[in-house]
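Note that the chains are named A, B, C and D in the order they appear, and that numbering of residues resets to 1 at the start of each chain.
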Amino acid sequence: MKLQHTLGGLQGLGPVDFQKKVFVEKWETRIFGIHTAMMALSTHLENSIPDYSMDEVPTTFKDIWTWADLRRGAESISPFAYFQFRYYEKWLGGITGFFLEKGYITQEELDLFITKYLKEGNMEELALPSKQEDAIDQQIIKYLEEGDSGRRETSSEPLFSEGQSVVVKDPDCSDHTRLPGYLRNKVGTIELVYPDSYAYFPGPSDHLQTPQVSYSVKFLPENIWGKEYSETGSVVYADLFECYLSNL
Amino acid sequence: MTIPGDEMFNYSANRELESSAKVKALEALLIEKGVISSSSVDKILDYFETKMGPFNGAKLVAKAWKDAEFKSLLLKDCNAACEKLDMPTGMSGAEGEIMRVAENTSSVHNLIICTLCSCYPWPTLGLPPYWFKDPTFRARSAREPRVVLSEFGLDLNPEVEIRVWDSSGQIRWWVLPEQPSGTEHMTEEELASLITPESMMGVSKVVL
Amino acid sequence: MKLQHTLGGLQGLGPVDFQKKVFVEKWETRIFGIHTAMMALSTHLENSIPDYSMDEVPTTFKDIWTWADLRRGAESISPFAYFQFRYYEKWLGGITGFFLEKGYITQEELDLFITKYLKEGNMEELALPSKQEDAIDQQIIKYLEEGDSGRRETSSEPLFSEGQSVVVKDPDCSDHTRLPGYLRNKVGTIELVYPDSYAYFPGPSDHLQTPQVSYSVKFLPENIWGKEYSETGSVVYADLFECYLSNL
Amino acid sequence: MTIPGDEMFNYSANRELESSAKVKALEALLIEKGVISSSSVDKILDYFETKMGPFNGAKLVAKAWKDAEFKSLLLKDCNAACEKLDMPTGMSGAEGEIMRVAENTSSVHNLIICTLCSCYPWPTLGLPPYWFKDPTFRARSAREPRVVLSEFGLDLNPEVEIRVWDSSGQIRWWVLPEQPSGTEHMTEEELASLITPESMMGVSKVVL
């Protein structure tokens, strides 16, 4: 198990930082934008439900990029170092690593630009290269407006029914998962069988690209944290793919 | 001894400068190489400033408070409810493909978390604030929601059941907060102005 | 659960740093020495098996200090910051915190000395105050030579016998524990019932000051990490106090 | 991006200087206040340099290799075995009150770890080296001992069973390594000089 996948319930922490800003530094907006552009230009959208014609988008981006890929990169740091980075620093690390690894850019080019910008100072004022390509921006806005739904027609009967008790499986560690660590091996109750099936993005997330039934599962705190658990009057719901559940 | 964790929002100027140069270098290279267009990032940021933000959620909540039929629809099918109102194009777009709303009442309080990352309903609430992404929030809210809420300044009556929704799957959850008393006469616009992103994720109430 | 108590089995880490030195900086030797002196001067030694006459030792130290106290202090940092400190940095933080909290020294005194030393530079050359007290050093050497055995006469019959399967309990999070997190809720086999009973030091470690039977318990990797566990041909043994075990 | 974890043994000079000043200030104050004596720390360090160190373990191992009866005693009752030899006073002292030895053979390899902290048999092995205290070692050795040993340069035959001993209780474990072939003619002193702390914790073998 990766620590990043099992944060829920970790103890010995301090108070929450109740910072309401979305971005605390101006530069963070840019890496958010780059990530979102990559999501919108990902080749896998060709097979999405909205009618995207990815072949016609004049971008040189020719890879799959989803949340799962972002998480793989950002979470590949050792957990002992992971928490020394602010949220968007990890995005910056993961995304830069991806473009270097795939050969879109080289370390030399990157260093050259970084040195240049650092030398010129007052970064916010410096202009970016001008190379406008409206059709790219149109695809990006289309993606933002039409999205990439994981909902698929139901293809199989649900294995579990509402009110049924289930045990959460404990599959092997993966690059990215949609199963919160603190629920592994725990007993819950099916609260709701979602209509239709759901798939997660292609890529490094267990085997979730196969559309499957998914459930809202209800967990009592005593079944997660044990009888000694002191906080009463609360309950946890999680949305879990069928592949994560088994019979009690 | 300085605890580095304390510096979360106060890194050295040098560190921020380096990140700043690095992201600028990356964006410049991606434009030069034809990966993105020179206005792509600006277009995206503009989209979240003008079209998709907590003002959408606030509008839906205010309408639900005034209109019981709309409220039922919102709770039954959030995406269908969005289509009923005069909302921007894209309410079922990126990170809002399937949204569900949990209703706060006098006996039930809902809290939305994402222990694995930071799943958030973009069309109705915009982008997630830092507290939602804070690893300490993600860790503690799953186990001791009442204590965490109280640190956020929200002391709930012990009889109120807290329902924590961990957004681990494909559904993007958000909260229909309770209408504060004394606001019955207000217009939808007036009501909407009271509604914060925090109240629509369940870490605070709407107050007059 | 504290992350510091459940390191075993954490994944997504890098290579081990195979540093063979005991101390990587000269200053580390001093904090090790201070901790060990505190262990040797702890008031609880009055009740230890060796014949220590703590009342007669001319130290102003009048507290209990054991490994458990060191761990409480060193492990009280948020795990998100914990790993940013080297081993003896955490000791330095925990021990300094203890002396401040208990009023042996004040922050002002400490800051005054730190500033003075930083100003004078070349710290290794600076002399420490000279205040020799042979009887303190004698107690320290006596402690090093005679120790503080946790072994006690058997007072109760063992609840479990060799060859028996047991389940490890999952008690509430504490300041310090002797139960490795990765073994909680896992099934093992009693390999050996240790003769006599054992107590752990007084202080913040579950309830281990009560002498009790302890066991060597054998765990198969598949029972800890699941069937998917890929490394075969290994087995884990842990020494567990009886209070951590229950019947299968 | 520099990963701070990579700096484990290479912190900034400033950071080390501050720790240095802080520990010196602490020691000075403790001396002035009469908590410890001005030579206490030196006496403790001297004890581990001259009396308690891996040379004791090496002596016991060398003797066990030459003397089968002594070896049985060492494996049955390590503390009793220490009393049989001409060892320094204190072999059952601090952190050696109850020691046990696990024997490596051609079919079994033992590895001692402490996932909770850094329990180590002081009288026979002295103080723990940094690798033993490394959180990455502690985390990985419990789950993938074979891979970790191989990273340490020790590739074990797949048929060799690895027994990992997590020192979670009151017993301080250490390893009786295998005698390398070709050393049968050596004296105990010659043998002892081959034996490293690493071999007595199971992350390496004794080699000629």
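Everything below uses one rule, namely that a contact is a pair of C-beta atoms (placed from the backbone, for glycine too) under 8 Å apart; a residue touches a chain by one contact, two chains touch by 3 or more.
Note that the structure is predicted; figures quoted are calculated from it, not measured.
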item: Steps needed, at fewest, to go from chain A to chain D via touching chains; value: 1
item: Chain pair showing more contacts of the two, C-D and B-C; value: C-D
item: Most remote chain, CA-based centroid, reference being chain A; value: D
item: Separation of chain C from chain D, taking each centre as the mean of its C-alpha atoms, in whole Å; value: 16
item: Centroid distance [mean C-alpha coordinates] between chain D and chain B, Å; value: 52
item: Cα-centroid distance, chain A relative to chain C, in whole angstrom; value: 39
item: Gap in Å, rounded to a whole number, between the CA centres of chain C and chain B; value: 43
item: Residues of chain D engaged with two or more neighbouring chains; value: 1, 4-5, 22, 135-136
item: Chain C: positions in contact with at least two other chains; value: 9-11, 13-14, 78, 80-81, 83-84, 89, 92, 96
item: In the complex, chain C residues that touch chain D; value: 5, 7-11, 13-22, 24-27, 29-34, 36-37, 39-41, 58-61, 67, 71, 83-84, 86-87, 89, 92, 95-96, 99, 104-105, 109-110, 113-114, 116-118, 123, 126, 128-134, 136-137, 140-141, 143-151, 177-180, 182, 194, 198, 200, 214, 216, 221, 224-225, 229, 231, 233-241
item: Chain B residues touching chain A - in the complex, by the definition given at the top; value: 4-5, 8-9, 11, 16-45, 47, 52, 89-90, 92-98, 115-118, 126-131, 133-148, 151-152, 158-171, 197-198
item: Residues of chain A touching chain D in the complex; value: 77-78, 80-81, 84, 89, 92-93, 96
item: Chain D residues within the chain A interface of the complex; value: 1, 3-6, 135-136
item: Touching residues (chain side chain A, partner chain C) in the complex; value: 1-4, 9-14, 75-76, 78-81, 83-84, 170-173, 185, 226, 228
